[in-house]
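Two complexes come next, and they have one chain in common, chain A, joined by chain B in the first and chain C in the second.
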Partner chain A sequence: MSLLTRTAGATADDATASGRKGPRESLLSRSAALIVMGVFTLYFLLPIWWLFIASTKDRGQLLTTPSLWFADFKLFENIGALASYGDGIYFRWLLNSLGYAGLGALLATVVASMAGYALAKYRFPGRELFFNVVLGGVLVPATALALPLFLLFSQVNLTNTYWAVLLPSIVSPFGVYLSRIYAAASVPDELIEASRLDGAGEVRTFFTVSVRLMTPALITVFLFQFVAIWNNFFLPLIMLRSEEFFPVTYGLYAWNTQLNQIPELRTYVLVGSLLSIIPLIITFLLLQRFWRNGLGSGSVK
Partner chain B sequence: MSVAVRASNRPPKERRRRVAHKGAIGMFLTPFGVLFGLFYLLPIGYAIWQSLLVVERDGTYGAPRQVFGWFTQYALVLQNGPFWESVGRVLLFGVVQVPVMLGLALLFALLLDSPALKGKRFFRLAFFVPYAVPGVIAAIMWGFLFSPNLSPFTGVTQSIDFLSPELVLWAIANVVTWVYVGYNMLIIYSALLAIPQEIYEAARLDGAGQVRIAWSIKIPMVAPAIVLTAIFSIIGTLQLLAEPQVFRSFSSAVSSTFTPNMTVYATNSIPNINLAAAFSVVLALATFVLSFAFLKLTQRKADR
Partner chain C sequence: MQHTKRAVAMGVALLSAIALAGCSTGSTGTSGEAAACAPSEGDVTLEFTSWIPGIEDAAAIWNAENPGIQVQVQTGPNGNSGTYQNFFSQLEAGNAPDLGQIEYDALSSFRVQDGLEDLSNCEDVVAAEADFIPWTWNQVTLGGDGVYGIPQDSGPMALFYRSDLFEQNGIAVPTTWDEYKDAAKKIRALGGYITNFSTADINQFAGFVWQANGDWFTNDGDAWSVDLSGDASKTVADYWQELLDEDLVATYPAWTEEWNNAYNSSEVWSWTSAVWGANSISSGAPDTAGKWSVAPAPQWKAGESAAGNWGGSSVAVFKGSEHVYEAAKFALWLNTSEEALTALNESANIYPATTAGLELPSLQEGVEFYGGQAIYDVFAEAAAEVNPDFVWGPTMTQTYADVSDGFQKAVTGQGTLLEALESAQSSTISTLKAQSIPVAE
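Moving on to the complex of A and B:
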């Protein structure tokens, strides 16, 4: 239960912090803290603000008007132009990204949670060996696997397909690790025993009873994997040749490399970048509770 | 890591018992086991195998064929100047960028945790937002911000060329820092929240101020979280690819072999897959050794 209780504490921290007893902080240290955080807020948010402003301008005003404030508001015209450029290839990229990350993370979560659950709740020979090999996998960075995967996929002629990016994304050793800790802490043996007495099979017990108790961990695993796939650049870069399979990051990268030859792409790169990060930022802010869950559990000692 | 240790401390009599629910265990483990084998273990094995092969031709125009060549590719890796330059470059990058980033993350986490700061929720969110921006997009954005013409800070970018050969490495370091400070801040912050409040009460009764509490209690207690973020950052630094690859469009100072992974990609595109495989194996080993050594080093310090 440690994960759950920690989160409950985390969401309530603002209330407890102001309610803490003790001497009031001096005006000096309070304003120093505020100034430091204020300056860095500018550092973190100004680039995104700039991107938003730049996306609302047409090509001429982008260079001639002050870049941190609005000129003529052309955001929707720009989006329209982006949608029609190259037969709407941009939105195909966006859908590809959603497909790779959404489907990949969903399958990864199901597969990892089953394995983590089995490692937590059953005793069998080789269990620790299995777990330790998976833990070693957590330390192997995704980029180190990109070239080996490419060599392997080209042996079976699967490079430059959806499969080349999707299949490797279904494996999440971190997901197994997190599911195991969480299942061990949150699924009581008595409950599984009771379900057995009711005549439910092991697999059915998992999908009807245990999964519900593991939900916070599963959402965390899904989120981490979603972002990992969405951000993975090396795998699509090395696997894909045809732009119809590109995820949005690779597509924008490809456009960005052609800016010198095709200057009108600049607006599309900017608007495309903005559109591609807005859904992610919103999801992040809505689900940040689960982020802290996963981040906290990573450092469980 | 401690989880594995704890789990293996089961009572010895359990070992002798017959394994119950064999079928279910198989059902649960097989999907992951198969996928892990196919897309983790097999590629690693295959890359090692490929790195031991060399391409031979019969005469100048003969058909190429792969033959076993022992460690020929690794000898070539050792002699490859650009590869080792790229390794040196990311090491220099890491030595500067990782401490700066983690120092900032620690400072922000401590400020978020101190009673002196108002508006914690807002700052926590604002600092975390960049983590939602993929490395490619962040690099495109900062590439424009650094460029002499488009930047909102043309006064700065026209007098200092951040995309010059001397500075472009640090321009990239800025992009990586911008994306990951908030993420590392949250890891350290959630470790701070786990410290029981009573400890502070005792320190306060002894007359310790906030700075003293942060230095003597908070930082030592979140040391494991800092070690974790450091290991992730070291791994990340050695794998650097997306940001410098994007910066190639903005700065001619970024070569195709700027970082080790870019060298792997460029070598594979030649195509020289055997050498690229050897690069990959060396890089993976170096990553493992560095993060492992760092872990051991900090553990020894903690024991003393």
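Moving on to the complex of A and C:
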């Protein structure tokens, strides 16, 4: 969801920038474009606004006051209550999510970039077969893999550990695909040849030369994988049983199924959801610069 | 939110399809002998998976008193939202916990997959039968000789109603379903609805059938009989069909904001629900505090006091546990000892399944939201009147889904509630057969 919002924002900037320099568009088409963008912005931001407003209310006011405007501002009391419920287990979940998504996405990016680079730059028997198998992996939904993974991890007694969520997360077939395409387009063979002549080994060439050229693609892979792991829900649902390993999505879901019986959880789920989107927003704000560069440079070529 | 829910539902459906495909070839046998029930040597650690909030506090009390038998509580979403599916996967993988929380209506499905230890060799368990309200014990014996869990809580049903509105408008509190319908007409004339008919949550309807002495499933030891559209079901279905046809009841989907709002805004005046519904109302309709009361559920025959049940769960020992004796011992303590029941009632509003549990001090007090009425007295009486012979079938997930689909259509005018039950009857029988579960016809 936030992915789409950001892309929409990025194109909006581009549109106004080119509007200033390039030929002027008619007032009608400009305002039509603005209206469409305005509607979409509203469409994407409204749920977040609702969530923010709902998080600032106490339980009684949640249902009885207008849902898009403030009542008594209790956001900080609510966060305090969330922090103290269940010995602050919520923040443990948030840290777990950051760990799974951050570390998982980092490792996935390294693995995917090496694989994609190798597939793009080295000629070896079975190269296309490998690539096609990886491409096939893009088509298999993560949900369908959760149960087989569980049975496999059960064999080696790794269920209900950090590894159960982290290990499957470092595989990103889409990342391999993107890295291959990007490496083929942006890393010239001559450059690799040159660094070989200068005496650098293959691994050194990869990390010092090729990775720099591939950075925009790698950022994209990282972001995609970060979001995918953050939102991956079925794997933790099947693998984990102990609260202390839960990522925040699963923890909030488990709370949400208890609302009938434990009404105060409603506030915690709302505030928890609000806080849980903040890391995603920060990641995007920090990395979108690289990402837009990547998309831009790709389009000029 | 809705979107996520649908995605979750789809995923769960997909997973269960995979799991069923995996299981159906394996163990469908109803064989299985009662587990030997002997103490293990040395110290024991038990794993217990439950979604009840605060149950770890009760386990902590046990752990402090029983250094030799330590219980590790694991958690997850409530049963139908994923934990049951996990139990099945874990049984398949051979790493299920020792103990698990299982609602009464799901016990049969674990039983037919041979996922539960029979505790009837455990002397303590057999001796404890007398402590429980008799019908709750039947829920864990599944109508046979085995004991497949220890009852934890129950959901006897009664009538929650807006005493202020009934009084102001001179409407007597209905004691029979006929009177209920008359009241419904008067309330509709005033612009309100007497209640909301839930199409999504079939458990309420099942509770009505249960109250009317209906029997959806029976198991004679060899084969299952299914009777979703028998006389009692027909009576109940026809009754609600009339109310629906005459637009006397609202049909908001249960547990949604609009449903809460219908109660909060005084549009809907009453709800025949289980004891735990007390919290649903107080959380969903905070503006109506102090205006609710509880009366025994309306009857089919004047002067009777039959009650239905909605919900309730047990703690079962999974097949493959190496410490059946210790697990059973803990499950008994958790569900019969006053300290555990008090802790569970405080943290999760658990309504005990033992006769002594109904006497807990916290269940004798007046409740402010209900104008100070000691509402649990009404439920304690209802708990004693629940028909002990009602049995859940082994494919309730499918049955609920099919009935719910039919009910949703009936509410929009396509077909009737009875037709929905009839079609669910045949689809349930074919599901049972598809899982190689013997069906008597």
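Points worth noting:
Methods note: the second predicted complex is superposed on the first by the 236 of 301 C-alpha atoms of A that agree within 3 Å, B and C clash if a C-alpha of one lies under 4 Å from a C-alpha of the other, contacts with A are read in each partner's own complex, and residues count from 1 in each chain.
We take it that contacts are C-beta pairs under 8 Å (C-beta built on N, C-alpha and C of every residue); 3 or more make two chains touch, one makes a residue touch a chain.
Since the model is a prediction, treat every value here as computed from it, not as a measurement.
Applying the stated contact rule after C-alpha superposition, one finds that A:70 touches neither chain B nor chain C. In the overlay built on the shared chain, the residue A:234 is in contact with chain B and with chain C.
Using the contact criterion defined above for the overlaid structures, shared-chain residue A:257 touches chain B and also reaches chain C. Legend: residue contacts after superposition of the two complexes on their common chain; A:159 is shown touching chain C, with no touch to chain B. Of the two partner chains placed by the overlay, only chain B lies in contact with A:34; chain C stays clear of it. Looking at the shared chain after the overlay, A:52 reaches neither chain B nor chain C.
By the document's definition of touching, both partners, chain B and chain C, reach A:143. Look at A:151: by the touch rule set out above, it reaches both chain B and chain C. In the superposition on chain A, contact of A:203 is made with chain B only, not with chain C. Comparing the two interfaces of chain A, the one with chain B and the one with chain C have residues 63, 143-144, 147, 150-151, 155, 233-234, 237-238, 253, 256-257, 259-260 in common.
Every residue of chain C that touches chain A in the complex is listed here, in rising order: 8, 11, 14-15, 18-19, 47, 49, 51, 53, 72, 74-78, 81-82, 85-86, 89-90, 92-95, 97, 255, 257, 260-261, 264, 276, 279-280, 282-284, 286-287, 348-349.
Considering their complex, residues 1-4, 7-8, 10, 14-15, 17, 19-25, 27-29, 31-33, 35-36, 38-40, 42-44, 46-47, 50, 104, 107-108, 111, 113-121, 123, 125-138, 140-145, 149-152, 178, 181-183, 186-187, 190-191, 193-194, 197, 200, 204, 210, 224-225, 228, 235-236, 238-239, 241-242, 245-246, 248-249, 261, 264-265, 268, 273, 276-277, 280, 283-284, 287-288, 291 of chain B touch chain A. Within the complex formed with chain C, the chain A residues making contact are 59-60, 63-64, 143-144, 146-147, 150-151, 154-155, 157, 159-160, 233-234, 237-238, 241-243, 253-254, 256-263, 265-266.
Those residues of chain A whose C-beta lies close enough to touch chain B in the complex are 6, 9-10, 13-14, 16-18, 20, 22-23, 25, 29-30, 32-34, 36-37, 40-41, 43-45, 47-48, 50-51, 54, 62-63, 66-68, 111-112, 114-115, 117-119, 122-125, 127-128, 130-135, 137, 139-141, 143-145, 147-152, 155, 167-168, 170-171, 173, 176-177, 180-181, 184, 201-203, 206, 227, 230-231, 233-234, 237-238, 249-250, 252-253, 256-257, 259-260, 269-270, 273, 276-277, 280-281, 283-285, 288, 291-292, 295-296, 298-301.
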